[in-house]
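Take a look at the structures listed below.
After this come two complexes, each holding chain A, first together with chain B and then together with chain C.
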Partner chain A sequence: MYRQKHLFLLPGLLVLVAIIIFPLLFTIRVSFSSWDVFQPELDWIAGGNYGRLLEDARYWGALGRLMIMAVGTVLIQYILGFALALLVLGDLRARRFFRVLFLVPMMTTPVIMSVIWRTVFHESIGPLNGMLQALGLQGVPWLSEPALAFASVMMVEIWQWTPFMFLLLLAGLVSLPREPYLAARIDGAGPIRTFFAVTFPAMAGISIAAILIRLIEASKIMESVYVMTSGGPGTATETSTYYIYIRGLRDFQLGYASALSVTYLVIMIISLTIIAKVLVRLFVKDRT
Partner chain B sequence: MKTLYLAIKYLAILLWSCFVLFPFLWAVTTSFKTANGVTGGATWIPWLQYKPSLQGWQSLFGGSGGTDISGPYLNSIIVTGSASLISIVMGTLAAYGLSRFTFRAGFIRNADITFFFISQRIMPPIVLAIPFFLLLDQLGLLDTLAGLILVYIALLLPIAVWVMVDFFNNVPRQLDEMAWLDGCTPLTTFYRVILPNSVPGLIVAGMFCLIFGWNDFFFAFTLTFTDTQLLPVAIVALNSSVTPWWSLSASALISVAPLILLAFVVERFLSRGGLAGAVR
Partner chain C sequence: MRSDKLLRTAKVLAASSALGLAAGMASAEDYTRFGIEKDMPGMCSYESIDAKDYSGRELTVITHAIPVIGEPTKLHAEQFSELTGADVEVVHVPFGDLFQRIMIPFQTGQDAYDVLFYASLWLGDYNPYLANVPEEYQSTAGMQALTDTTRDVGMWGGEMKQYIMDGDRHYLKYREDIFSDPDMQARFLEETGRELTVPETWEEYNEVARVFTGWDWDGDGDPNYGSAEVVKRDDLMFSAFISRAAPYAKHPDVGGGFFFDLETMEPLINNPGWVRGLELFVEAQESFPPGGTNFGLGDEIFSFGGGETLMSYSWDDALIQAQQADSPIRNDVRTQMLPGAREVWNRETGEWDTFEEPNRAAYITWGWTSAVAQSSSNKDMAFDYLCFFSNEANTRHDLQVGRFGVNPYRTGHFDADFWSDDLGWDRGMAEQYVETLERIDGYDNRVFDLRVPGVGQFMTSLAAGVAEAVAGQATPQEALDGVAEEWSRTVERIGKDRVREAYANVVEIEDAR
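Coming up: the complex of A and B.
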């Protein structure tokens, strides 16, 4: 009867092993070699690349910026996404229209919208400074001043991915049971009280899942950086993935870039595990 | 009090709608501008200051000295479409197996296999790009659509598995058991009983595969160089100081249009049901 069960699993599993496991093992092997433009053979230099990356301040700077950017955007996305999901939940006119409208940024290609955003941020002929000037204010160098460039990239990320948070949280809100709300109403709890006593705890599991998924995706930030600032000004918006890209596929230092990748992957897995554990410990109290 | 609350609510919705639409409105007006309109400052109502022009839109097909993007457009449709289809088929099969049968090998259980499928999403594109480059080079598939499809399957399969496992977990098991009692094998049960009941899940999974496939830039960027370019790569290549903004805006708009339209069609499935189980 269950003889056929492997037929379901095998095709997908084989493809994934072939396409993912081999490249991963290969990357690890390459990370122990000095493969680059001048040395196109796999040799063995033991931990040479890893020693080098420990002293590479630019790499750690990029990692720090990535973490600030990922955690910052995901937190803001979570708060905004939750608020938006609550807004379109009740008896709102044209509620279905707004639900799709709020999803629209997620449907657009990040790299192409970054092209548009780059023109929006343009210092002399972009609409943002146009609006500031119409209000009698000074224009702002959106993409050429380090702190502002960093904030601009974050804003585009928030524009692009708040909808994903919104979608998951809305799906969660829709599927919440009704009884606790009736009980809260009978007890005379106001909307704010009801939110913190009923809605928020009931949404803990979904919130954690949504935050983790977004953190994973946010840590890949690269395309908006590539198009809007190319990591500049200086290295103000350079994130880990972009730095690895520069070392690997622009400077073609494959060995070193592989070591950067492996280190990065290990750091990511460890920090995501810790974040997941902390979130569960903090917010999921009465569940196993 | 009630009125005030409603006013704030609608104001918030209105503000966010403006933020969402802002870049689109800007792109639409820009796509109808010409040199005077763009350098004349950030005007929102082009019709008042100068005549709108269709140059931007004509340039999409090589007119007005623009670049023809119909080739990359077709490439994108072929690659995203076939990779999504294959991923959905394999992902749905795997998800059904994982939700209905017990697999064990040593200490590995079903949950570990599911996690193995999904864990691929943790790897950033850059970590995979270098080995993919070398792998496709070895296979002679570098700079071909077939090679890209292979890569995109690896990219999309986890999404299909993620959505479908949770969907199947919410499909009552009695459905399968009745079919088994009637003498169906797991395979015939799957395509006669389960598949017809899985349309909402398949639509959500398909939509997600299409989004992530259509939106990928990085792999297409590193693995193709010539006329196998996909749409985002072709458009980003236009993103230089030479390309006029009206061409850039028109090409950007026409490339993001299909998924937005699709979203309006499948909205019901996206914001209801389908994902409710996926995020427990």
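Coming up: the complex of A and C.
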């Protein structure tokens, strides 16, 4: 009976192989083929796609933009999320109401949310420019000027995912022991000193976890780019996932898109591993 | 569906009984309950299709999302099902996913769909997987009434592969009330030193658009603008750009290819004619409404159709929008062939040729089409469905519904009476609209979409390059040089002979006149 216990793992294992291992291995295999719209074959072209990828400036440009967008949005989400969590942790009226309110963006379907924001940013009929003009200010080319379009996509990402940070950090704050705060008060520490000396270090573990989870998610940004800008103006908001989508499903270069995906996956695994180690080394003092 | 079959069986029995009781007193059934004005005779008519029995058989149709093309597909599928007893399943797919949803089953040998509705420029990729349209269907009255140009859209290598149910082309739309207003004419004369006329060239178009940008020329309290264009990358922008570049790069006396030199298969996309078109496309930005550089087709439709802009050009949709019963500019709009060019690049001599009368190029820009899969085991039923879909009664109905996306494609559709009498358009406007369509359809110097294997790759890289120029990330020459390089690499990957063979089909119909 004891030896047969492993059999109970079999269904889960089979599902894992079917939905994760097989697609991953198949994608790796396809990345070494020239499968394309005009050549539907799993032939072997060795590293042809990977060689082409090295010279693809658009891919590397998209990766660079993604890095800036992911790191930028996650950092701002962290700061805002922390601030909101501290706010509702304190003596705030209608605290329960605000806790729920702050979670609404996260519960909105990304594509629908992007359509709504595209309308908000619309430069002639959108309410944002309408409000600015009502105040006597000039309308802003939110989605048609490269730098502003990039910032607009970031704003939407921040709006949608700050609640995730808020939720995790609030849970962390609620679970912190009260004794260090009592000690800090006895020592006469003010709120700022208490935050940097007690709260922030105590929250390091959960902060790193929240940042890493969000970085993983942010590195897959697609919906807001697809709906709001289609990667434009020019290539100003084109990110890796959107570029891979274009190559794979618009251009139907399945072999090449697979090579892009595999490379992207490897880069992300390495990058996130390094980031995690650096964050732990910097902020987690006691790793016993 | 079972109840449908029972209903049909009961209907057949009832009809048989009635016929038996009233022998010799044949009377045509009334099909107006399907929303048509009257059934029209022929092998695709309601009556003919009603006489067929496909009970117990299934037909699978893939089409665009509702409403454009998707809605008439669904409507006629339900009618076909009711008439024949067939079980028709309609799969709706957004445009961005439609190509691969059809292509993957083709490539992997699956018999996934019997009937396909798609963009006709994908024929270069799809043609090996499509069944030829049988002779009996080609001889129907509807097929015989196709204009030469729309018939050409269905042809591949001398065979009819696509069942034509739509006709598309780009043309100019403008506000006649503004162009004919003496105050507007005086203002334009004062600012430019020339008379206000409907643009004959793209330079004139940009000039008119610039003058009419940023002020309230329609008196509604909001500023108006000169031009609404499809500029959003990956949202059909490539078509808009081709419209602008065509008269500069398509020399009427030089055949052998517009996108490529058919002999060498060198891309022509970065020659001076194309670059001039892009320079003007970039220049036009200053006359767009706010956010105009991010306009997709929907934005263009609502900007011009809603009265915000003076001019526009693309498919029929913005015009239909402007002509809706509740439109503030109904009957104030007019149409004309796309503007032309007085300086045209001659790639044979390597020089610009001057034209007294502007050179124009009729751009036959894809359009929806339909076909039957070669792998289908229901070809008879599939062709009957397409035959029924586009019968005269259904087409007449569908042309009147803007959101359906079915535009004129038969000789009978080029009839001003239909637009003025049936739809209530201003007579002058209807006549000019029909004249524009006829002129485009019969024009000698014309450009067809690329229609070669991997056309998506060519068009997305073109759109990316043009978008970089529009965003100021590259000069027009640099942007198109980049596109040409990518096109060359794509041709190499696909195989030069393979692309040439496909492109020869396009060049053959382009150069036929």
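A few comments on the model shown:
Simple rule for what comes next: the second predicted complex is superposed on the first by the 277 of 288 C-alpha atoms of A that agree within 3 Å, B and C clash if a C-alpha of one lies under 4 Å from a C-alpha of the other, contacts with A are read in each partner's own complex, and residues count from 1 in each chain.
FYI, contacts are C-beta pairs under 8 Å (C-beta built on N, C-alpha and C of every residue); 3 or more make two chains touch, one makes a residue touch a chain.
Everything numeric here is computed off the predicted structure, so don't read it as measured data.
Chain A is touched at more residues by one of its partners, and among chain B and chain C that partner is B. Once chain A of one complex is fitted onto chain A of the other, the partner contacts of A:Gly47 are absent, as it touches neither chain B nor chain C. Look at A:Asp36: by the touch rule set out above, it reaches chain C but stays clear of chain B.
Of the two partner chains placed by superposition, only chain C is touched by A:Arg58; chain B is not.
Using the contact criterion defined above for the overlaid structures, shared-chain residue A:Pro141 touches chain C, although it does not reach chain B. Applying the stated contact rule after C-alpha superposition, one finds that A:Asn129 touches each of chain B and chain C. Shared-chain residue A:Leu249: touches chain B and chain C both.
In the overlay built on the shared chain, the residue A:Pro233 is in contact with chain C alone; chain B does not reach it. Across the two superposed structures, the residue set of chain A contacted by chain B and also by chain C is 126, 129, 249. Only residues 34, 36-38, 40, 58, 122-124, 126, 129, 139, 141-144, 146, 149, 229-236, 246, 249-253 of chain A touch chain C when the two sit together in their complex. Note for the complex: chain A touches chain B at residues 1-2, 4-9, 11-13, 15-16, 19-20, 22-24, 26-27, 30, 80, 83-84, 87-88, 92, 96, 98-113, 115-120, 125-131, 159, 167-168, 170-172, 174-175, 205-206, 209-210, 213, 216-217, 219-220, 222-223, 227, 241, 244-245, 248-249, 254, 257-258, 261-262, 264-265, 268-269, 272. Chain C meets chain A in the complex at residues 96-97, 99-100, 103, 107-108, 125, 232-235, 289-294, 296, 303, 308, 453-454, 456-457, 460, 464, 467-468, 470-474, 493-495, 498.
Residues 9, 12-13, 16-17, 19-24, 26-27, 30, 38-39, 41-44, 90-91, 93-94, 96-98, 100-101, 103, 113, 116-117, 120-135, 150-151, 153-154, 157-158, 161, 180, 185-187, 190, 211, 214-215, 217-218, 222, 231-232, 235-236, 238-239, 245, 248-249, 252, 255-256, 259-260, 262-264, 267-268, 270-276, 278-280 of chain B are the ones touching chain A in the complex.
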